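One chain, chain A, appears in both complexes that follow, with chain B as partner in the first and chain C in the second.
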Partner chain A sequence: MQELIARAKELLADGTVARVIGWKAGDLPYNPEPAYFEKEEDFDDFVYNSFCGANLSKLMIEACKLEGKTLVCLKPCDTYSFNQLLTEHRVDRDKAYIIGVGCKGKLDIERIKKQGIKGIKSIKGAEITDDAETLTIDTLYGEKTCAFKDAMLERCHVCKGKEHKIYDEIIGESKDTKDAERFAEVEKIEAMSPEEKFAFFQKELSKCIRCNACRNACPACSCRKCVFDSTKFDSQQKANVDSFEEKMFHIIRAFHVAGRCTDCGECSRVCPQGIPLHLFNRKFIKDIDELYGEYQAGEEVVERGPLTSYTFEDAEPGIVAERG
Partner chain B sequence: MQRIGVFVCHCGSNIAATVDVKKVAEWALKEPGVVHAEDYPYMCSEAGQSKIQAAIKEKNLTGVVVCSCSPRMHETTFREAAERAGINPYMVEIANIREHCSWIHKDMEEATKKAVILMRAAVAKVNLNTPLKPGESRVTKRALVIGGGIAGIQTALDIAEAGYKVDIVEKTPSIGGRMSQLDKTFPTLDCSACILTPKMVEVNKHENVNIYTYSEVEKVSGFVGDFTVDIRKKARSVDMDKCTGCGVCQEKCPSKKTPSEFNRALNTRTAIYTPFAQAIPNVPVIDREACIKFKTGKCGICEKVCQAGAIKYDQEDEIITEKYGAIVVATGFDMIKLDNYDEYAYSQSKDVITSLELERIMNAAGPTKGHLERLSDGKAPKEMVFIQCVGSRCSDDRGKSYCSKICCMYTAKHAMLIRDKYPDVNVTVFYIDVRTPGKNFDEFYRRAVEDYGVNYIKGQVGKVIPQPDGKLLVRGVDLIDNKQILKEADMVVLAAAIEPNKDVRKIATMLTASIDTNNFLTEAHAKLRPVESPTAGIFLSGVCQGPKDIPETVSQAGAAAVKAIGLLAKDKLMTNPCTAKPDELMCNGCSQCANVCPYGAISYEVKEINDHGVRETRRVASVNSALCQGCGACTVTCPSGAMDLQGFSNRQILAEVDAICR
Partner chain C sequence: MYKIAMDNLSALFQKIAESNELYLPIENCGQVNYGVWSEDADVNIEALKTVKSPKDAFFPQSENLYRCDKEEKKISITPAQLKDQNFVVFGMKACDIQGVEVLDKVFLSDPVDTFYAARREHGTIVALACNEPEETCFCKVFGIDCSDPKADVATWIVDGELCWKALTEKGEALTDAVKDLLTDDSAADAKVEEKKAEIKDIVEKLPYMGLSLEGWGSEVVDEKFDERFNSPVWNDLYKPCLACGTCTFVCPTCQCYDIKDYDTGHGVERYRCWDSCMYSDFTMMAHGNNRNSQMQRFRQRFMHKLVYYPINNDGMYSCVGCGRCVEKCPQSLNIVKVIKAFENQGGEK
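For the complex of A and B:
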C-alpha cells in the first residue's frame, strides 16, 4: 500500500495525472469506499486492503470528462470492466493512467458476520501485503479467528485469474483464488423444475428494496439515462408494488447487460439484502458460451460481442427455444 | 388530441360473415380520439375510398383507422386516399380483421371481440402517430444476376436487351448451369446443348453483359436502387486475357484423379480444367487442392506447355465492388443427397444411378461417350428400372415434402430415348402418380407408354438388393394388381428430389430475402408477385423460387427481368420514412446499434450536446435514413432506449399492447 501511495503521489506531483481514484478508509475497519485524491494530504485516508472490493472502473466514465489524466487503481478483475467500457466507447484510454494493483482475494464482511463474529473492532490479516491464511479479529467479545478463504467474496472463489488485462504499470502481487466452478450454482438452478426455479427467484427477489445499489455499482449499467430513470418509458422509478415488478427490474437489467457483463460480481457485493444477483448474469454468460462459443466480456477490447454480431454459424433461434 | 375516423370493411362476406362489423364500428366510437366510425361493404372500392375522404373533410379528421385486410394488401391504397383528402399518409393505420381474424375464426361472437381488440390497438397507435415525410433515393442503372444457368442467362439477356448493364456472377468456372449437363430436353427431345450454347455465346458477347465466372457474392449492403456488392473473383491461376483456350494444359496435366463435377463424379478430370468443351469462358481454372504444383511446389507442366504464357500460379482472389439498382437471384438447384435412401443401394452399387447421372451417361460428351452401359462392368443393360419420387412428396423428414415437378417428364424422356436407341432393353418405371401438366406433356408421356412400350407400374419400390452376379433385385409393389413384384434389373435409375442450391441460405441472408422451410426463396405474393422477393429490389428467377422445368424457368426469368427493368427505368425512388432516429441526449455512444445494423446505416459522430444546460462533447449515433430500412434491430439493442423507430416507436407499440391487454 505504501508503494502504491508513494507512486500515486509521485505521478500527481510530476503532473502525469491530475487526480487519483482509489479507496479511502470508512468509519469501520471493513468499509473502505471509492474516493478521489487530488492533493498530497488527501492520501492520509488512502487505504488498500482486502476489503477494497469496489470496482473503480465505472468511475472513469465521469473522470474521463475532466481535464488531464486520472490515475485509477484496478484489480485484475476490474480491468475486464475497463476493457468493456473501452469497447463501448464510454472511457478514453488516453485519459486514464491505470495502476494494476495486486489482489489476493477480497473479503466479504457479511460472511465473517455470518460466522457469529460481531462487535468487530479491528481485523488483522486483511492487509494486502500479507499472505495470511487466517484473519484475526478483535471484537468486543474478545479475539476471534476466521479462515481467509471462508471470508472471501463469492466472486473470488471463481476468480478469473491474477492477470491484469490492461494497465500502465503494476504494483503488488496477485493470486488466483479460484477454488470453485464458475457455473456450478447456475447448473444447480438449471436442474430445478420450473416451479422450483420460480419459487427460488421469488424468494430471493422478494427481498429487493429497489435501492438501485446494484445498478449504480454495475460497470455495464452505465447509460447516461437509465430506462428506470427516464420519463420516456413507463418503467420509470417503479417501486416494487407487486411481485411482478420486483422481478421486472432485475430481469430487464440482466437483459440489458447480457453479453456485456464481465461477471465482476459488484451487483451481489453491494446488495444490502444479500440477493445473489450475479446468478442472472452468469446464466446469460453460460448460455452465450454454449451457443456462440466461449466468450469473456472485457478480456480484450473487441469490436463486436457475441450478441451484437452475426455469423452464419450462429445458433438458430429454434435451438435457443428448445433449450428453454 | 387526434380526431380519428374508423372505417370497418365487410370485404363482401369475407369479414362480415364472421365479424359483426356494425358492432366494431359502434365500439370504435367509445375509443379515445375517435370522432367518426362507419362500415361499408368494400372500403377499397372507389365508393369506399370516397367515404373516407368525405369523412376526413367533414369531420376534420387527423387520423384514420381502416379495419380491413392485411396492410400488405391495401395499406398503400388507403394511405394514398387519405393523402388526396389532405392528411399525411402515415396518419393511417390498418387493423387487419381479415387474415388475422375473420379468416381464422368461425365463431362470430369471438371473432367480433377480437376485431374490436385489433381496432382498439390501431386506434391507440394512431393517437400517437405523427406525420412522416418520405425522402428520395437514386437508382443505379445496373443489375446483378446471381447464377449463370439458363435462368440467369435469360434474365441477363432480357435486361441487357432493354439497354441496361448487367453483371452475372457464377460460382463455377463456366456459365451454363444444370441445363448444360442435360442431354435431351422434353417434350421436343431437342438436344440441350444445341439450344443452350447459342444463348451462352449470345450473353457472353452482349455489350451490356459482364460475366464473372468462378466468382461469388461476398457482401451486400445498401437497399433497393442502390445496392453495393462485393464480388470475390476467385483466383483462376490463369490469365483470362492471355489464354487462347487451346486446351494443351489440360492434355498435359499429370494430376488426373479429381472427380469431375460436371460429369457428376462418374469420371475424373485434370487439376487444370474447363468443366466441359463448350464452357464459357473457354479459359481453364487450376483446382489448387488437386494441383501438384500447389501441393508440392514441383510440376509446373501447364506453365511450360502454355504458349500464351497465361498460367499465373501467384494469382490472388480479387474483390470487385460494384453498385447495382436491382439484384436477381438465379441460384438454381441440385439433387438431394441420397444418404437417407440407402434401401435403393445407391451407395452399394455402381449400377444404381441418379437421373442426372443418366443424363451424363446418355450424353455424347459424357463419361461413356453416350453409350448406355453399366458402370460396374461396361456391359449393355437389358433390364432397366426407374424409381420415381425418391425423396419427393415425402411425408416424413427423410426427404422433401414437395413434388420436384420435373421427374415425371424427364423419366418419360429417358425411357423413350432408351427404347428408341436400344429396342432390346426393357424399361420399367415405378411411380406414385404420373404428373404431366404442361403443353404437349401428357401426349409425350402417353407416347412413351403407347408407342415405345415403356412398362409403367403404379407402386413404390421397397428395396434394391445387389446380387452376387452383379444384377440388382428390385422388390416393389404393384398397387393396381395388388401384388408384390420381384424384378431383376441391370441398372436402376433414381429420380432423386431436387433442392435449392446449398449456398442459397447464405445469399438470402446477405440479401435479407426470406426463404421457406425448404430453402426456396419466398415470393412477395404467391399469386400476384411471384417473381419478386418481399425485400425490395430483389427478384427471383428459376428454381431458386420453386421446382420448375426449362420453359417455365425461361418465362419466369423473363418476368424477373421485366420487374428489374421496371425498377431500373426509374430515376428516383421514394424512401420509407419509418426509419430509426436516436435521441442524442440519451445516447451512450456505445456502438451496439451500429454493430447490429444489417444495412450499415448507423455511424457515430462526436459533437457538442447541450444536455439541459450541460454542454458536453459526446459520441452519438447518427442514422443515414436513406440506408435505414426500419427493421428495428437497433431499437431493441439500445440499452438506454435512445434509439426509436419512426412510425413504430416504442411508445406506439406499447400503447398497442396496452390496448390489446386492456
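For the complex of A and C:
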C-alpha cells in the first residue's frame, strides 16, 4: 500500500494526473469508501485492503469529463469493466492513468456476520500484504476467527484470474482465488422445472426494495437517464407496487446488459437484501458462450460483441423452442 | 412480571395470531425482515436488526389510496379501506420504536394522515430489549436506552426465557389474551434488571458512543444554518454516493413518499410509495427540480435528519441510531461519517 501511495503522490506532484480515485479508510475495520484524492495531505486516509471491493471503473465515466488525467486503482476484475466501458465509448483512455492494484480476493462483511460474528472491534488478516488464511476478529463478545476463503465475496470464488487486462502500471501481487465452477449455480437452476425456477426467483426477488443499488453500481448500466427513472413512461416505479417489479425490473436489466456484463459481481455485492442478481447475468453469459462461442466481455476492447454483430452462423430465433 | 420459555414462543405466536395479524422478524432466503406470521414462517426474533425497519407495519412501502373506474361515461371513485383489523408487531427494538415516534410527529399532526392513524390505532407493539448490540449501533447518542424499550409491552430474553411486562392499556389487553401461556414470576424482575445492566455495559463499549451532535439540531439557525448548509464539506462527502435509495429504504424514520397513478386499463389506481431524496426526480414539480445535483440531494437527507426535523419538532432528531445505513450503504457512506466529517473539519470555514 505504501508503494501505491508513494507512486500516486509522485504522479500527482509531477502533473501526470490531476486526481486519484482510490479508497479512504472507514471508521470501522471494514468500511473503506471510494474517494478522490487531489492533494498530498488527502493521502493520510488512503487505504487499500481486502475490504476495498468496490469496482471503481464506473467512476471514470464522470472523471473523464474533468480537466486532466485521473489515476484510477483497478483490481484485475475491474479492468474488464474498464475495457467494456472503452468498447462502449463511455470513458476516454487518454484521460485515465490506470494502476493495476494487486488482489488476493476481497472480503464480504456480510459473510463474516452471517457466521454470528458481531460487535467487531478489529480485523487482522485483511491487510493487502498479509497472506493470512485466517482472519482474527476482535469483538465485544470475545476473539473470533474466520477462514479468509469463507469471508470472500461470491465473485472471488469464480475469479477470472490475476491478470490485469488494461493498465499503465501494476503495483502489488495478485492471486487467482477461483475455487468454484462459474456456471455451477446456473446449471442447478437450469435443471429445475419451470415451476421450481419461478418459485426460486420469486422468493428471492420478493425481497427487492427497489433501491436501485444494483443498477447504480453496475458499470454496464451507464445510461444517462434510465428508463426506470423517466417520468415520461409508465415504467417509472419506485416500489414493489405489484408483481411487475418482482418479475420484470431485474429481468429487463439483465437483458439490457446481456453481452456487455463482465460478471464483475457488483450487483450482488451491493444488494442490501442479498439477492443473487449475478445469476441472471451469468445465465446470459452461459447462453452466449453456447450459442455464439466463448466470449468474455471486457477481456479486450472490441469493435462488436456477439450480440452486436451478425454472422450467418448466428443462432436462429427458433433455438428458443428447441432448447425448451 | 410474566415470562414464557423461548421454546414455547410458537404457541404464543399462534395465540396472538388468533385475534391479530402478527408481524415479526422472519428469515427468507438468508435475510431477516418483518413479515406476517404463519405456521411455516421461519421466525428469527433473535436477529438484532432486520434489513428493512418495521416501519412498513405502519407506513407500507406502497399502499393504494383510491381507485377510479370508468364505465362508459360514468367515473366512480372508491377510496381504499382504512386498516380496521387489530395487529401486533412483535420484537421491535428501542431504536425502531423511537422511529415510529418520529413518524407520528409527521403523520399525526394536522392534517392527520388517516391511513397512518388507522394503523397506529389498530397496532400493538411488543418491544424486545437488544441482546447483543453491535458496532454499528448508536441509539444512545440520541438518548435511546436499548435495554429498556418503551412500548405497549416490553420483553427481555433472559436465560432461555422471554420476560414480559405490559406498559399500556393495549399491552394489558394483549397480555390478558395470552395469559394462559404466561407464568407470573416475581423473581423475573431482578433478572431483568441484571440483564439491563449487562446490556448497558456493552452499549458503553460501542465504537460510536462518543459521537457528538454538537453543531447539529434545532439550534442551527441564522448564520449557523447558512454556514452548515453552504459548507464545502458537502462537496467532498457526497462524491462516492451512488444515488441509490438503500439508506432511505432501510431507514426507520425516512417518511417521504410519492403519489403515483397506476393505469388499470379501464381506470386508475392511485397509490403512494416511499420516495428517496437520493433519486433524481425527488420533489420534482412542473417547473422542474429544485435540487438538481446529487450534492444537494445528499445534503437534503442529512440536513433533514439532523437540522430541519429538530427545528420543526422541539429538538427531536430524526435519526435513531439503528445503524442500518451504516451496514447497507454500497459505498460505505452513512450518517455517522457525515457527523464526523463536520466534527473533524469544524464545518464552519
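Keep in mind that, in the parts below, the second predicted complex is superposed on the first by the 318 of 324 C-alpha atoms of A that agree within 3 Å, B and C clash if a C-alpha of one lies under 4 Å from a C-alpha of the other, contacts with A are read in each partner's own complex, and residues count from 1 in each chain.
Basically, a residue touches a chain if its C-beta (ideal position, glycine included) is under 8 Å from a C-beta of that chain, and two chains touch if they have at least 3 such contacts.
Note that the structure is predicted; figures quoted are calculated from it, not measured.
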Message: In the overlaid three-chain picture, which partner chain does A:V17 touch, first (chain B) or second (chain C), both, or neither?
response: neither
Message: Touch test for A:T231: chain B only (first), chain C only (second), both, or neither?
response: second
- prompt: Just chain B (first), just chain C (second), both, or neither: which does A:D27 touch?
  reply: second
- request: May I ask you to decide whether A:P272 touches chain B, chain C, both, or neither, giving the answer as first, second, both or neither?
  value: second
If touched residues of chain A are counted for chain B and for chain C, the larger one: C
Task: Using the touch definition from the top, say if A:T308 reaches chain B (first), chain C (second), both or neither.
output: first
Message: One more residue to check, A:A35. First (chain B), second (chain C), both or neither?
response: second
Message: Looking at A:A297 after the superposition, I want to know if it touches chain B, chain C, both of them or none. Which is it: first, second, both, neither?
response: neither
- prompt: On chain A, what residues does chain B touch that chain C touches as well?
  reply: 225, 234
Query: Given the complex with chain B, which residues does chain A contribute to the contact?
result: 65, 88-90, 222-227, 230, 232-234, 256-257, 303-305, 308-310, 312
- prompt: Can you list the chain C residues touching chain A in their complex?
  reply: 28-31, 33, 48, 51-52, 61-62, 132-136, 202, 205-207, 236, 239-240, 242-246, 248-250, 258, 260, 262-263, 271, 273-276, 279-281, 284, 326, 328, 330-333, 336-337, 340
Query: What does chain B use to touch chain A in their complex?
result: 505-506, 509, 583, 585-592, 595-596, 598, 604, 611, 616, 619, 637, 639-642, 650-651, 654
Message: Can you tell me which positions in chain A touch chain C when the two form their complex?
response: 26-28, 31-36, 54, 59, 114, 118-121, 140-141, 203-204, 206-207, 209-213, 215-217, 225, 229, 231, 234, 236-242, 269-270, 272-275
